[in-house]
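One chain, chain A, links the two complexes that follow: it is found with chain B in the first and with chain C in the second.
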Partner chain A sequence: MWVWFAKLGSPRWFYELSGKWLPWLYAAMTLLMLVGLTWALLFVPEDYQQGHTIRIMYVHVPVASISLACFPLMAVAGAITLVWKMKLADMVAKCVAPIGLWFTGLALATGAIWGQPIWGTWWAWDARLTSMLIQFFLFVGVIALRSAIESTDAAAKACAVLAIVGAINVPIIKYSVEWWNTLHQPASSISFDSAAPNPPEVWVPLLIMIGAVYLLFIISLILRTRNEILIRERRSQWVTDLITRSQS
Partner chain B sequence: MNTVSTPEVSTWGAFLATLRRDLLVAFKRRNDLLNPIMFFLIVVTLFPLGVSPDPAELTRIAAGVVWVSALLASMLSLDNLYRADYEDGSLEQLLLSPQPLFFLVLAKNIAHWLISGLPVVVLSPLLAYMLYLPTEAYWTLVLTLLIGTPVLSLFGSIGVALTVGLGSRGLILAVIVLPLTMPVLIIGAKAVTDVMFGLPVGSHFALLGAMLAVALSIAPLASAAALRISVS
Partner chain C sequence: MKSHRKKTLGIILFIAAGLSVAIGLSLYALSSNIDLFYTPTQVAAGEVTPGQRIRVGGMVKEGSVKHSEEQLQVNFITTDYAHDVDVQYSGILPDLFREGQGIVAEGSMTPEGQFVASRVLAKHDENYMSVEVKAAMDAAERQRVMGQIQEQGQSQGNYQ
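Up next, the complex of A and B:
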């Protein structure tokens, strides 16, 4: 167990292993994305109230759900950085922040596009929208702090502390905002009954899209982390070897 | 035998000494003491000028205005918390002291609150009057500020501790700290608004109290960790 843990912390090991994973991840993501998008955009029946706009859900829900996972992930990576001083954990923490910011922004944007025809407004000071907006600000803060500190080591620790404090705050923000104002519908449950409000032909493509977007997230995180590894380890022998090999 | 005998200082003693020192430093620099309060008054004045002098309109936004201004005033005065100590080296002495940093940071935060938070709490009824807040909401406003402003100081301390070593900090402190303080603002302002509508506010106070308890127990830890990172 501990050998595996120590190995995982080695950037080189991660770089080589993730290089082997990437083709499979690409293939799986492309497959799921094609199936999911085609199904969601062309074959899902129209919603009896929302008509074709329901199709926005197939992008909005996966993007929003993954963006919620980004902050806890950053906090866990930060905690590992602080406790075990694992280099790889900080690289992941650094790389997940802009991706989290992007997905949060996408969730807000797709939500606005969906909200315009359904609620009749691009923006409302509703609980979920507001807590997503605050999460957006939290990501901005972490990224700003990281770019303001020059020393990589100090930036790693400082961002780890901020990420942990922020992650403790995320549920507090969520509940205080929820109780402050609510317009957003609660998440619907899934059901196998085809007469239920949410029959399988509606939620199966959603699950596929969630899978596809999760894979997209993992791929972007791996790609970013690999770049970060090359930049930080640029003086080490194995990176030099890698570059000379790719040039010859 | 030539050992230097150092007087043993208890944690409590160090806590009191830090608190006393910070208050003393603040009272020696009167301008720094007055600026956050003046800032608070000026920001509150901006709202009638910018929104409307109409009493009905002001009554509606009074709670929010006072709370937002208190938040901004606390933010403005945060820089005093560790900056001067960082520059003259006394912060390093604080980190080197054998007493737990948690309590020393807590003492500094309490001093900051006494200097910047308490005057805001004391002044708030006057501003509430100027903004036509109904009389029955006065006590709620004062009490929510009394419980809420220490949370602002405690959270703010983490932000300052993280950025104290930076050459150019600009607005980064506000970007980091303001999102963290939003729950306090939401609940504090809502308690006052609810009292105006005759709604019960016990739960709001319970939540604010819970936030203060959590902030008191966690924020100094985070501040201490952040100071060690920034100074190292």
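Up next, the complex of A and C:
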């Protein structure tokens, strides 16, 4: 297992392997995205309370759930950087931050667009919305911290600490709707009964959309990380070989 | 694992655990301030002073909504099924506002115990379903209630 772990830490190994994965990931993402979007936007029946507004959920829930996965991922990568000084872990931690920022921003924006017709307001200072806004600023903070420190190693350490500390916000976001009374509704429990609230006709397309957006996230992360590998390893033999081969 | 790595990992886990406890305790201490609204039970218990700007959240009580004839003014009762708060509001209500719906009203209590709202927001619950499913559920519920009434009628008939 440790051999595998050490191998995974090698940027070159990751670059070569992810290159083989990418076509499959593209294919799976395109398929799920096409099926999910068509189903969610055209075939999901109108909600008995919200009408067509329910379709916003099929974007809001996937982007929000992925934004919550980004911070723990960055924290774990940061911990690996601090303890094992694995080069690849810090590259992933650096690359996941802007993606997490985007997904958090999208979750806040789609939530506001949904809130205006349903709640009657774009924004409320309730625990769920506020903790999500804090996560948005934490991502801004991590990105700013990294660009403020010139030395790659020092920046890696500082960002790792901030990521580990900031990850405490994630359970707060997740359970805010249960711990406090909020305007945001709690998580739904899905039902396999087609004559009950949250029937399969509502959540199966949502599951497909979550899968599609997860793949989109993984692809974006891999592409960014591959660029970062090439930039940081530009002086190594295998990268120069790669460039001469692509030029010839 | 090498000893210096163990030490770094130990420090990280210690800091993370310490911070979690610190943040957990401060959130616990702040918990009533993090709540978005007061419940009618909290209002009845006197946790709110008249004139203080607050939010009250609850269900719109069935049959309590009274619209004014000429103005936008509306009176309704919001309830948590233990206590009620009498709400007076003048303005546009959200589309989802109706009897039995969860709402959050922003405003203040008058000394007479009425809540004058400057804004009313609708809360959405965690149930999503199509018009057809909702209609089928309502029909099943009606049938169940009708069956109960019939059963009661029969058992009463047996006594006579």
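Simple rule for what comes next: the second predicted complex is superposed on the first by the 235 of 248 C-alpha atoms of A that agree within 3 Å, B and C clash if a C-alpha of one lies under 4 Å from a C-alpha of the other, contacts with A are read in each partner's own complex, and residues count from 1 in each chain.
Quick note on the criterion: contacts are C-beta pairs under 8 Å (C-beta built on N, C-alpha and C of every residue); 3 or more make two chains touch, one makes a residue touch a chain.
Everything numeric in this text was worked out from a predicted model, so none of it was measured.
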Query: With the two structures laid over each other on chain A, which partner does A:L32 touch: chain B (first), chain C (second), both, or neither?
result: neither
- request: Go through the superposed model and pick first if A:A97 touches only chain B, second if only chain C, both, or neither.
  value: neither
Field: Which superposed partner A:I66 touches (first chain B, second chain C, both, neither)
entry: neither
Partner touching more residues of chain A, whether chain B or chain C: C
Task: Mind working out whether A:A89 is in touch with chain B, chain C, both or neither, as first, second, both or neither?
output: neither
Message: For A:P199, using the defined touch cut-off, is the partner it touches chain B, chain C, both, or neither? Pick first, second, both or neither.
response: second
Query: Now for A:I210: first (chain B), second (chain C), both, or neither, which partner does it touch?
result: neither
Field: First (chain B), second (chain C), both or neither touched by A:I168
entry: both
Query: Which of the two partners, first being chain B and second being chain C, lies in contact with A:W180: first, second, both, or neither?
result: both
Field: Which superposed partner A:F137 touches (first chain B, second chain C, both, neither)
entry: first
Residues on chain A lying within both footprints (that of chain B and that of chain C): 82, 164-165, 168, 172, 180
Task: Quick one: which bits of chain A touch chain B in the complex? Just the residue numbers, please.
output: 82, 134, 137-138, 140-141, 144-145, 148-149, 154, 157-158, 161-162, 164-166, 168-169, 172-173, 176-177, 180
Query: What part of chain A is in contact with chain C in the complex they form?
result: 45-50, 54, 57, 79, 82-84, 117-121, 124-127, 164-165, 167-168, 172, 179-183, 185-189, 194-199, 201-202
- prompt: Can you name the residues of chain C that touch chain A in the complex?
  reply: 5, 8-9, 12, 15-16, 19-20, 23, 27, 31, 34-37, 39, 57, 93-96, 104, 119-137, 140
Query: In their shared complex, at which residues does chain B touch chain A?
result: 158, 162-163, 165-166, 168-169, 172, 175-176, 178-180, 182-183, 186-187, 190, 207, 211, 214, 218-219, 222, 225-226, 229-230, 232
